[in-house]
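First up is the structure itself, then whatever we jot down about it.
Chain naming follows the written order as A, B and C, and within any one chain the residues start at number 1.
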Amino acid sequence: MLPELGHFALILALLLAALQAFFGIAGPMFRRERWVAAVTPAVAGQAVMVATAMGCLIASFVGDDFSVAYVAENSNSALPLIYRVAALWGAHEGSLLLWIMLLAVWTVAVAVYANRLPRLFAARVLGVLGVISFGFLLFTLATSNPFLRLDPPALDGRDLNPILQDPGLAGHPPVLYTGYVGFAVAFAFACGAMLEGRMDQNWARWTRPWVTAAWAFLGCGIAMGSFWAYYELGWGGFWFWDPVECASFMPWLVGTALIHSIAVTDKRGLFKSWTLLLSVLAFSLSLLGTFLVRSGVLVSVHSFAADPSRGVFILSFLIVMIGGALSLYAWRAPLLKSPAGFDLGARESFLLFNNVLLVIAAATVLAGTLAPLISGALKLGTVSVGPQFFNPTFMLSMLPLFALLSVGIHASWKRGRLGTQLRTLLYTFIAAAVFGCGLVYGIYSHGHLLTPVGATLGIWIILSSLVDPVDRLRRGLSVPRAVVGMTIAHIGLATAVIALTTVQSFTNEKDLSLAPGASATVGGYQFRFDGVRPIEGPNYDGVGGTVVVTRNGAPIAVLKPQKRQYWVQHQVTTETAIHYSRGNNILVALGDDLGANRWSVRIQIRPLVSFIWLAAVIMALGGAIAISDRRYRLTKVAVEIPRAAGTAPEHA
Amino acid sequence: MINRFLIPVVVFALLAVVLAIGIVHSPDKGIIPSPLIGKPAPPFSLPSLTDATRTVSSGALRGRWYLLNVWGSWCGTCREEHGMLLQVRQSGLVPLIGLDWKDDDAQALGYLQQGGNPYQEIAADRTGRVAIDWGVYAAPESFLVNPEGIVVYKCMGELTPEIWQKEILPRLTKAQASTS
Amino acid sequence: MSHARILRGCLIALAGFLACARAYAIDPTQMPTPELQARYQGLTHELRCVQCQDEAISDSPAGIASDLRGEVRDMLLAGKSDQDVRNFMLARYGDFVLFRPRFVLKNAWLWLAPWALLVVGGLVAWRVVRKRAELVAADNEPLPDDGSP
């Protein structure tokens, strides 16, 4: 009963999305008042239907309804409750439903906010969101229906993949998808402006909070995924430049560029077409990510079970949405000219360089990710691309960016008088270099060539970011929230730079074969392996190891890594044990029973690695504070200028 | 001067073509094309599985066509292929040389006892070294080698009647037609 | 595309998947000197496992990965260079097995792409900045004073 209700709800949602799309775009185009008025009810209706479908699927999971094929494939009666809910987005069909639901949530939020927008523009924005909803709902109903029934019903489920039975699954996809989907809003705002043929002077002011919010969620989502890989999936590794990781990173890079470009558009009315293009690109990369994960064109551990017919559908959707938006761009963008100017040393310049470098970084990652496909298409044979390509080429565009950030943050708008800032620049740089090299060589006394470079650049960013706020406070001026947010976000970036430099330079890792009682020394810590004993859990059993960690005789921790075998799928997972001590992450993982009473054990010391993920949170916090700035709450409500009777009103 | 605003949509169009080609080729995604095609077969000299005193070597196989089939008693798909291999033996068109990859001798012999032995000779690659030389990464795989010792075709996965008809038979008959 | 081809691809992928299933392996191989150990780690992280194709042979639980790690070890102990090891793998498995694309003509587009993009990006930025710097003299529009950064 419930699955049928859910299925029916999805069909209704599809129809309502179609109406939302049609009324939203055709209403303003043909100036039909009634159509425009019908958009918001369509949004509400679609949201209710999607929520209903979601609720039905959750209920099927919680209630162990194994007559539903999707539940039978991904759940089990012995599965703990939290994973029964999280299993919903553990595979392709359910994760699509999560996508659709989050899109509905963002759409409702925009509809509520639409009170401040000109009516026709708002209708267009919601209409474009409706087109996206329609596409995903159609895809789901046509190829990936989560409500398909099994006849006869399964006696019990195949269980959720044990690797996914982890709190990471409960958090990472929802947060990540919120970010992915959030860029659809900026995309819709951009399409709204392009459909209209003009960019309202307030357009950037309206769009900015949405961009920042999506960017913040996406950044946190990526960090959660990286953290999850570190302690569960990758045993100490936290970034592999896997195609799906790249797919989430590219929209974030372009989103960062967008945040900065839209700032210029807001302040000076410049870079309008760049901002439109970046808005389209950010969401296009989200959609491309969806394609790569679900079409099976690339070798990747993260990809859902591949099906070429799904690939065809998504590619068609991509062509319609991205091709359509970029064609709109080619048509309308030439109209958006501005007579404004700025000096070479002005802030606008630096923001331009910033954006160019970020887009280049994203394009490089795209080239590496798609390299096997491009090589195949050009008949150049096979090529395979891994971290050994991505790391150096990514740094190529990022290192200049970090340096330019510290310089550009002192630049003022329009008239750049960097000459007056030279002293500040010099002092902050020297302080950073001294600190950076001093800390590196003081604590570690060795390092890679890039180690002092990374440390210096990171600390320079922090010092440079603090110059202006500190100066304001000293002069008794208030610091606007937007400036606070910006400062915090930049400090977050610097944290990531410093942490990554440290991790890349000073990670200490040993994979060893140990017998009970054996000891090893890694990174100044002593590890004594005390053997294994059997363990049991709610739906698994296995062995647990004990490793005693000391430093110069003083006890630090007793770590208990586990190896679990899950009953249903017979799959073995490794639960690492991690201890945080003096800025270091000590990780121990149990490998295999090598026979002769010896086990393979991984011991890894990573200094400051947690700060990488913390950095994402700091950046998101900066974004949140920036959004809460007064300017966004005081945005003028558009005034409607009544026209002669019989025609629809124009907006001011 | 091209309208620069058209650049994004043109780049996307090219990208879409690449992705479409990717979809077409995606079933082959996991298949690694062999760099041995057209090159001399890697030399090997291994003890025979069935007769410990004999050696199976690539040198002794020069001068005639042969089909090297990589298999193991642990390999499920090999069982599906077995019927086809027996037919190949029946046809007598090309001798089958087995490469028993990282297998237990007793289990391998038992497997052949049960299912029948399609191989003219079987080389026991207990360490897996020879398999690595041939670029084997999964079982079963089959390599067609010509009398000059050049690898002309690699079948990845199960040897099906279709592959026999489309890929192996034509190469055998074409060569035999040109020599006769 | 034919059903037979899809099925074949799926079966091959399935064979790999069953062995790999996103599990990892810990490789406790110890080389006699730290320099050899570093080279061994570097090479085993650089070579893709041909069965668990999204992992390096250092991390892969597949049997063939273990065999290949043994080959790397033996070659390094025999005094071969890093490039010898890569050539060995290349001759048997092709470019697929290298995570670092070779510096050869067919990969030129990939390795040159970041540099080409930097050049193009630089030119674009220069053009824009030049045009706007010329306009700034005539631009007397006051800056909005809303406290934005």
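Assume a contact is a pair of C-beta atoms (placed from the backbone, for glycine too) under 8 Å apart; a residue touches a chain by one contact, two chains touch by 3 or more.
As the structure is a computational prediction, the values presented were derived from the model and not from experiment.
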Longest centre-to-centre distance from chain B, chain (CA-based): A
Chain pair that, of all pairs, has the most C-beta pairs in contact: A-C
If you average the Cα atoms of chain A and of chain B to get two centres, how far apart are those centres in Å? 43
Distance in whole angstrom between the CA centres of chain B and chain C is 28
Inter-chain centre distance, chain A versus chain C - centres from mean C-alpha coordinates, in Å: 22
Two or more other chains touching the same residue: where does that happen in chain B? 26-27, 29-30, 32-33
Residues of chain A touching 2+ other chains? 299, 308, 374, 381-382
Send over the residues of chain C in touch with two or more other chains. 1, 6, 53, 94, 96-97
Chain C-touching residues of chain B, taken from the complex the two chains share: 24, 26-36, 77, 102, 127-129, 131-138, 156-158, 160, 162
Considering the complex alone, what residue numbers of chain A touch chain B? 273, 277, 280-281, 284, 291, 295-299, 306, 308, 311-312, 315, 318-319, 322-323, 326-327, 329-330, 333-334, 370, 373-374, 376-377, 381-382
What part of chain B is in contact with chain A in the complex they form? 3, 5-6, 8-9, 12-13, 15-23, 25-27, 29-30, 32-33
Residue set of chain A touching chain C in the complex reads 163, 233-235, 237, 242, 263, 266-268, 270, 299-301, 308, 339-344, 346, 348-349, 352-353, 356-357, 359-360, 363-364, 367-368, 371, 374-375, 380-389, 393, 396-397, 413-415, 480, 482-483, 486, 511-513, 571-574, 589, 591-592, 594, 600-602, 629, 631
For the chain C and chain A complex, residues of the former touching the latter: 1, 6, 21-30, 46, 48, 53-56, 59, 94-101, 106-107, 109-111, 113-115, 117-118, 121-122, 124-125, 128-129, 132-139, 141, 143-144, 146-149
